[in-house]
Structures are given as C-alpha cells and as structure tokens.
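Order of writing sets the chain letters: A, B, C and D. Residues in each chain are counted from 1.
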Amino acid sequence: MSELLSVSELSVEFTTDRGVAQVLDRISLAIAPGEVVGLVGESGCGKTTLARTVLGVLPAGGRIRGGAIHWEGRDLLRMDARLVNDEIRGRAITFIPQDPWSSLSPLFTVGTQIMDLMKWKSPRRGVTGTRGHWPALVRGYPGARRRADREAVLDVLRAVQIPEPERALRRLPHEFSGGQRQRLMIAMALLPRPDLIIADEPTTALDVTIQAQILRLLRDLVKERGVSVLFTTHDLGTAYELCDRVVVMYAGQEMESAPTDAFFERPAHPYTRRLLDSLPTAGGEIRDIPGEVPSLIGPPPGCRFHPRCDYATAECRARRPDAHAVEGAHRVRCYHPLSAA
Amino acid sequence: MSEPRAAPLLEVVDLARHFPIRNAFGLRTGSIRAVDGVSLAVWPGETLGLVGESGCGKSTLGKTVMGIHGPTAGEIRFGGREIGGLGRRERRTVARHLQYVYQDPGASLDPRWKVRRLLHEPLQIHTALSRAERQEQVEAMLREVGLPDAHLDLYPHELSGGQQRRVGLARTLMVRPSLVILDEPTSGLDVSVQASVLKLFRRLQAAFALTYLFISHDLAVVRAMCQRVAVMYLGKVVELAEAAVLFEDPRHPYTRSLLSAVPVIGGRRVTRDFALEGEPPNPRDIPTGCRFRTRCPLVQDLCAVESPPLRSTGGGLVACHFA
Amino acid sequence: MRALALVLRRLVWFPPTLLGLLAVTFVISRVIPADPVALVAGETATPAQVAALRSQLGFDRPLPVQFVDYVGRLARGDLGTSLYTTRPIADDLASRLAATIELTLVAMALSVLVGIPLGVVSALWRNSVLDHALRVITVSGLAIASFWLGIMLQLLFAMRLGWTPLNGRLAGFPPRGVTGLYLVDAVLAGDWAAFTAALGHIALPAATLAFPALATLVRFTRAGVLEVMQSGFVLYERAMGLPPSVIVWKYILRSALTSTVTQIGLLFGILLAGAVVTETVFDWPGIGTYAVNSIIRSDYNAVMGFTVWAGTIFLAVNLLVDLAHTVVDPRERMS
Amino acid sequence: MRGALFVLARLARDRSALVGLVLILALALAALLAPVLATHPGDVFEIHPAKRLQPPGAQHLFGTDRMGSDIYSRLLYGARITILIGVIAVGASLAIGVPVGLAAGYYHSWASDLLMRVSDIFLAVPQVVLAIAIAQTLGPSLPNVILALSVTYWPWFARLVYAETRSLEKEVFIESTAALGASPLRLIALHVLPNVASPIIVRASIGMGFTILTAAALGFLGLGPPPPTPEWGRTIAESREFLPDAWWYAAAPGLAIFLTVMGFNLLGDGLRDVLDPRIRRAGGAVRASAVNADV
C-alpha cells in the first residue's frame, strides 16, 4: 500500500536552560491513505512534538536534527517553506487542537474565522505557486468562490451537528460549549478536503459523554470521506475506540506498532504490557511501573526503557533495537519481545 | 444497602449551595444552584465515590462540606456534631479531623515556601510540638508518601506533578485527619503515575485508618477505589449504590448512558453504539421536575411535573420514576 | 458584562471622587497654609487690607460653610478670580484650552502611530538587534526628565541647526477657524503657510511630550503581543498555514490592541502631567504655562483652579477609556 | 523570602539589571563621598563671579555655573538631595500605602472601600499636578517637596498592594492553607505579605526613579529647595538663560538625573524577573499585567 505520510529517522531536540533535551530519537512512522493511526504515550514521550513537527509548528527552542518527512514522495523538510505553508499546511494536512477553549480568537465571530480559512485553504482555490502575487493582506476573495465556499461551510456544519449553522456563523466563540467548539474544529479540519488530519489529544479536555459523541462523529466522518488521521492521546481507551492501528512511544522513541486488536490483546513490548497492566481494574490489585520516566537531557543509551524493564540485558543498554515484524503489520523494537502469551 | 455499621462519620442532609448571579449593577438576578438538596452519609474506613461530569456540583459539595463555601441550606454532621453553621474560629478546630486535597496540587502549595516549611505548618497550627519533634514527624510522613528527604529543600515549582500531589497529601495527613476529601486526585496524571498514586492512597488509608470522599469524573478509577458510589447530575444525586451493583446493573438512565460512554478496552465500541444526545442544560435555568428529562430516553409527562425523590430499589437508591 | 459593570461603577463613583478632589484642593488652599488670606492678599497688603479681605471673601466663616460655598461656586463654573490677571480663572483657562488640547492630541497621535507598530515589530523580531535597540530607547524614554529632553532638543534643533523655531505657538496671526486648533484650522482654511509654520512650532514640544508616552506604549504593546503569540488560536492558525501577515496584522494585533486601549487612557495622564512642564520649556501658551506662571506669581487661586480643572478632565478621560474598552472588546458588547 | 544573596546572584546574571545596580551604586558613592570626590567642596555655598560660565576643563571638570561655582562639585552634593528626597518620599509612601492596601485587600469592610476611594481621588490626578499645588502652598523647601511627594505617591502603593492582595486571595494555596486551619493573621503575615513583597519591591525601585523625576520637575518649576541648595532640577532651570553657549551647564545635571532614574528602572525590571517565580515558569515572557503595574 503506497504511503501517504512516511516519517523516517526523525530526531528533534529542545534547548532548555538546563541543557539540550533529545525529545525525538530517530522516529519512523508511516500512514497509509484512509488509515487512522493512534500515537499513544505518557506525557513527555514526544507524541505532541512529533505531531507538531509534521505540521511544521515546532515550539520555540525546538530544532530538527535529522531525518525526513515524506508526503506523497516529497520531503516536507527540504521543500520551499512558502510552498509548504500555502499548499500542504491547512490543505493536504489539517489540524484539530486539544484545547477547544483557546483555539479560536475570542474577538472575531466564528464565521469570520472560518471564511478566513476558506479564503486561503478552500479546495476550490487553484494551485497558487509561489511567485508574483499581491501580498497576502490585500489579496481579494473572488465573490463566486466565496459563495460556493460558504455553502460548503454550512453543509459541513450540519454534518458535525452544529445547531442553526446560519446563526452560528454570526456568534462569538465564547457562546459555544466545549463540545460544540470541538465540532467546529472538526468542521474546519474537514472543509479543505485534506488527505490527512493531525488531531492532538482532541477529546482530552471534554467530559466522557461529550467525548463519546465526538469520537463517534470523528470516526464516522473520517471513514465516510476516506481521510487518514494521526491521533495523539495519553488515554488508551480513546485509542481503542478510534484507531485502526496504534503506535506507542516512550521517552522519545517508538516502541511498538500494531493493529488495534493485536496491540491491546497481544502486546509484544514489555512497556506496552506494563502500561496496559497499570490501567485501574475493578477492585483488583493495582500494578504500577517502578522507577521514573528518564530525563531527556542525557537520556539512557540504547532502548530508553531498559532502566525500568524486567527483561533488560546488556544488548538493550548498548544499542537501540531495530524494528522487526512480530506478525504481519505488528512491529516491535525489542530484543526480547513478549511471546504472544 | 448493607445495614449501617457504627454511626456514620459524616452525614449530609438536604445540603444546598447556591451561587448568586449578579448583573452589571451588582443586583442579584438569579442563582446557580450548584448543589441543590443532597443527602448522603460516609461510614468510618469507607471510600465513598462521588462521580459526575463537570458542572454537576461534586467539587462544590466537597468544598461546602469542608467549609470553604458556607452552606445555603441543609445540615452537615461530622462525628455527630453539626459543623455547617460554625463560625470561622470553631470551624478551625474541626479542620484538624476533616481535610481536603486539591485537584491542582501545585496551586495548593505556596510558591515561596520550601517543602520543609509547608509540612511543618500544619503541626505549627494545631500542635505545640517542638521544632525537633515536628521535624521527626515531617521526615516520617515524607517517607510514607514515598519522597526522598532531599525534596525538603525544594520549591513546589521544582517538583513534578506527581511529586507535588504527594507533598499536598503529606501536608493534609500531618494533623492525622479522620476524613479526607480527595478532589479529582488523579486528573491530568499519566496511567503509570496514576497507578502509583492510587496504590499510595490505599496504603495510607490502611496505615492511618482514613475515610475518603473520592471525587472524580474518571469512572474506571472510581470503580477501582470505592466501595460505594454516588452519581450526581446538575446538583443532585441521581443514584447511590454499592460499586459492584452500580457498575454491573446501573438503574438510572443517566448512569447507564454515563457508563456506556466509557471506552472498555477489548469490549464493545462506544463509536458504534453510544446514544446519549445533547449536552447538560445551562445550570442557570434547570428544567422543572427531573433534571435529566431533556436528554432521558425514558422521559414521560410525570417527569416534567415532579422531581423524583431518591428511593430504595433493593440494590441501592435511585431518583427516577421509571427506573 | 465585566467592563460594563466597571463603567457603571466608575460612573457611580465619579461625583464622590470629584467631591473628594475638591475637598483635597480645599484643604490644600485653605487649611494647610497658616494664614490663607495673607497668601491671597499677597506680601504687600497691610493688616487692615488683609482683615477686610478676610470678611469680604468670607474666610472668617467656619470651614464647612466655606467648603459648601467653594463647591457651590465651582459647580457654577466659577473657579475664582486670578490674583494676577484679576480675570475669572475659568476664562483664562478656557482661552488657553485649545493650545493644550492641540499639543496633547499631536503628542498622543505621535506616540500611538509610532509606539504601537514599534511594539509589534520588537515583539515579532524578539531579541533581534532592533528589539534590543528599542528596549534601550524605551527604558531611557521612561528615565528622561521631559523638561531636560525639551531643552536638549531646543539646543540641538532650534539653536544649533535652526530647523525649528525656539518656542511659542505661531509667529504670525493664527489661521481663521472655529476649532482653535491651528493645524486643523489651517487645513480647513487651506492656508498652507500657516500650517507649516504651526507644524514647525509644535514639532519639538510634541516630540518632547510624546517620548515618555511612546516608550510606555512600545513596552506595553510588545508585552501584549508576546502574550498573544503564546495563545492557542495563533498556534492553530500557524498549523493551518494561514499567511503569516494575516495572522500578525489581523489576529495578533487585534488581540493585543484590546489591552492597549486601556493603556492609552493611562497615557493621557502621562501627557497631561508632561504638558505642565513641557509647555513651560517651550513657552507654549497652554494651560500648563498658565499654571506654572501662577506658581511663580504665587497666584494661589489660579493654581487651585488649574488643579481642579486638571482633575476633572482626568476623571472624565478615565471614564471615556472604560467606555472605549467595551467598544473594542466585543465580548462585553455582546453580553 | 529568598536570601538577599540569592537575589543578587540572579540579578548579576541579567545584564541590564547589573547595569542598573552599577548606576545606583555610583549614585550612592557620589553622594556618600561627595566631600572627598568634589574638586571644590566649598562651591556648594561660596560663589566666584569672576570665574562665571567657564567651559569644562582641567580645573572645573564640568565647567562653572552662572555664579562661578564648580558644577561637578555641586552635582555631587546634589546627589545627596536626590537620594534624600527619593528614599524618604518612597519610604513614607510605602509605610502608608502598604498597610492600607493590605488591610483594604484582605478585610472587605466599608472602611477598606473608603480607603480605596480616598486613594482613587489621589490617583485621579497626575502626581505632579497635586504635588505642585501642595509644594506651592507650603512654600519651596526640601521638607515640603518630600511631603508633597509622599502625600501624592502613597496611593500608588495602596492600589498596587490592594490589587495584589485581592488576586492573591483567589489563589488556591490561600484557600487551602485557610482550610488547613490557619488564622487570618497567620495567612496575611506568612503567606500574603511574602507573596506581595516582590511586586512591592519592584514597584519601590521603579517608584524611586519616578519620584526623582517628579522632584526634579518641582525643582525645575522653582518649587524645590531654594538656592544655594545644589538641586539638579533647579540647576537646569538656571542654565536655560545661558544656552546655547554654556551647553554643559544644562547637560550635566540632566544627564545625572537620566542615569540615576535609568538605574532604578533597570533594577526594577531585573527584580521583577528574579523575584516572581511564576514569570520564570512562564518561560520569561513578560506578563502584560506586570508591565502595566509599573506605569
């Protein structure tokens, strides 16, 4: 299956006042068209950094040290920046943020902000090229395209079950609940008819019943339109609900990647096993993982889980294990993968 | 309901806490009935879960019992003594036995104080122990919550989320309370850190014979920790039962949709068959009669007329005409 | 809703605060000095004249009665008579009002039109050479004594280079016009000679007055923009590939401006305080010079009249700023 | 409160704060060692009309003024006046403003509201306007200038402390410590005051600069200490008559004021970053409200 997005050997570091943190260590990840991939891991594992590196919006202090991000064969890191910003970002790849409360400007109506997005990112806008154009601020928005875009906006708002879409466009963001705002975010992510949506913990800030509605809505719309999704979360339950395949990360390294059912029933990597075991169960004995997540400033060599792993050997401490297939698409980076017990 | 053992440690009768809504002129134009008539009891050594979605009033209930908010109506009896209406001074004597652990541990610690002073303070307030005696208890408690002595000389912002949570807990346990109200003790924690904190809560409960009022929106955590669970919706308790009964055979329609919204790894998928529509109504204008009727699959005319009382159904209490 | 409440509360508190201000000026002029009448009569007056004046002005009545009379006359716009010009102080102030307003408005425009863009730029290119240079200028802007800055500008531009007149508001006759603002009247009358002359005269005083206000506005806008750049919607817009110029000049600036509006209100305070001293340096025939001359001539009534007038204007401006805030921030409007 | 040494160490790492510290130390040394450093200590009172308006040279580093006195020496003694006015006026303002702000902020009583309304009156008028009125009525003298500045500056501290206390009250750690059983007095003394201390210190430092500027303005307008006191503001006023030739006569005192106030402003900015842990946690981006506080 040809890959839509393929991240290979991506390394990212952050300069902090306490030294340089190795946040991503040679990450490789591929997403096929129409596939929903879950990027799972505890805070500090680098999943959000990976998502933001693909989007090209690294926070201050972040630097890409190596690797490539191929999008339909072309490496985004070496393409002309303006071209990526005009053609890829917000058109081929769109974004759903985690915090619905702060992702829309409080001072502009929802309609203004959506139409601003459509002015630049509408599928009806031709390929722009880079040279010879009026500066962005003064460039006009042809009336015909604007009307067509507006209709498309109303359709998608209905699709995400926003009540009275006409009136909604005239209201300010603070007049919507968290759940409704996240529906707006989903609508804005779908409008440019992207090939890939990057959703960074989209339901973490929502109550469980609203989260269920949003997960169901997102899965239905995505599957209906064949859009692939890179979905980061620290909540294993939401990954189980939404994803076709799950990748688990720990301290900046990807540990295991498997189709969802295989991932949860037959985890091969010791960390995945311990993670699933520490989920609270009814009244049973609670097992946690001894030790602490290592600091990424001067991280442990080789497999970064070895200080807390029961099966760690000299090999694990020496060199990071290569990823190898355990069973079909189920791949793991470990010298001593757990048998399919 | 198992027959009551000894007298309850905490008993709340028809407790209400309303917050006034003021318009531009500062005139009261209505009130948010955050807690609107709640009655429940907590027995010594027990962990009572208090679950519900944000805005259901569970934190407000916790804070009102703790005396952070004065009650608008109803009674709070702690160890048989009415403490709802106490003045600030008498209230402080109760503070020794009834403690509150905050949701955001970092914010509940004075950023300018080192951990050492933060742990000494409770003893300075409530006991006449000498400095050395206090230091001894502080170091013992620090080990109990699993922190190294070196952390005594750190400032709160120099600790991780999990460590701040342990310091917050240690601070409340210094005065050997009997009832501890835990407000969302695991929110924002990663799975493994959450597991270690829950293990700690259990160990401390045994070590100090504690009783917990465990407030949380995370049903899986409540199921693992609590013997009995109360479900709240818009300021009222809609169902209260033994944890096993409530999770296996939920009676109230809201409890049922709440449980059906929680992803169960390996089980049925919410994205295929979860059915609760809409969002909780605005707390400023609560529907008449039963509050859940605007979203309830079993709704009938009676629901709009009469607010169902909490009545026994053998396995537990439920507030619904048709459950 | 919040700002609306603020405005209403300030509106409710406007009269008592003003009354308080009158009480303070009354105490300063009548209670603190050992013998207020002697002060008013002046050093040359004989004891008999002083006694006559005391009963004529009613200074022998109990203080509260005097205060009621004092407030009564102020309410009717009677700020008392100037000991020096023997004309009603209110008239003196009125005749000079236009000059001060013109100077303050030009300085305000200068600091807003220059300050805000510089603030945005220094935030966008944070820690660049430009940012550091601006920070040195703004810190010194807040540290320079405005009267000394005025003198140094006079020394350089007026005396050494001769680019601008030394002081005063206009050499020839003022342009005909209704507003009393020479620049505006000159434009309305199409009298370009008068316009350039007036512009030449106002250049240095306006620059002197504007510099500290400009420095404050650059710092405040820079901090505001930096804070907005951390917000969620800026991240979202960058991730969705909106053109950077749209993000900066539409979304970031608009957010930073809402807090800057209240800052402009505070600015007016700085300008008013500065005007008193700056006008003296440039012999600008405004209310500031009038106040300072009253001081030199120990014309207590005039000084008190000026204080009351300045306080009232300042309170009114604060009220206007709060109203402007509700206009700028739609969330308040929509409540 | 963190050790003073710790604060100094952190300040030294911040270049601009260091510059500020150096400027203030220079001012203090100039004032303290004036008799030693001055080339013509006598010139504070003696006049030598023959040597009028000499340009800066070997004998008179900054030249001589209209009365032939050595400008450099008078500036050194002027530093004493400046420090005296600044320290006493800001000190008095702190002594009045902080308790008023603290009480009004913590105890919501009608009395606290009244105190805040009184301070609103003073804040309603630019400080220099009221200071002029008071100094004018009392007559030009050093104590009167200090009184005028103190009376008109305490409300800035009252307002600052009031705002900080009210915002602190909503902080969770105040609520949690109260729930722990701490008495209101203990809360104010051990929790509110230390947390309010840093904004006060920052404001005091910037306030010194602001007060020195206002004092210089009063001096310039002739309301400061009368001659022969070598007050910087009035020296500039005297110098105007002899411009542009005697440029040094106006430049020297103006520069002295500028450097002194710059020192306090830089120190204030440096202190704000060092003392407020929240700012450090927010990655050092200057909080808009923090900047606003010093206007």
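For the reader, a short list of remarks on this structure follows.
We take it that contacts are C-beta pairs under 8 Å (C-beta built on N, C-alpha and C of every residue); 3 or more make two chains touch, one makes a residue touch a chain.
Being a predicted model, the structure only gives us computed values, none of them experimental.
Steps from subunit B to subunit D, taking the shortest chain of touch contacts, total 1.
Ranking all chains by how far their C-alpha centres lie from the centre of subunit B, first place goes to C. Contact tally for A-B versus A-C: the pair with more C-beta pairs in contact is A-B. In this assembly, the C-alpha centroid of subunit A lies 33 Å from the C-alpha centroid of subunit B. Averaging C-alpha coordinates per chain places the centre of subunit A 53 Å away from that of subunit C. Between subunit B and subunit C the centroid-to-centroid distance comes to 55 Å (mean Cα coordinates, whole Å). Within the complex, the subunit B residues that touch subunit A are 53-54, 190-196, 198-199, 202, 217, 219-221, 223-225, 243-244, 247, 257-258, 260-266, 269-272, 274, 276-277, 279.
Contact residues of subunit C toward subunit A in the complex are 231-233, 235-236, 238-246, 249-251, 254-255, 258, 329-331, 334. For subunit D in complex with subunit B, the residues that touch the partner chain are 1-2, 171-173, 175-184, 186, 191, 194-195, 277-278, 280-281. Residues 66-68, 88, 92-93, 95-96, 99-100, 102, 104, 107-112, 121-122, 125-126, 155, 157, 168, 171-172, 175 of subunit B touch subunit D in their complex.
By the touch rule above, subunit C contacts subunit D in their complex via residues 13, 16-17, 20-21, 24-25, 28-29, 32-33, 39, 135, 139-140, 142-148, 151-152, 154-155, 159-160, 216, 219-220, 222-224, 226-227, 230, 259, 263, 266, 269-270, 272-273, 276-277, 280, 291-292, 295-296, 298, 300, 303-304, 306-307, 310-311, 314-315, 318.
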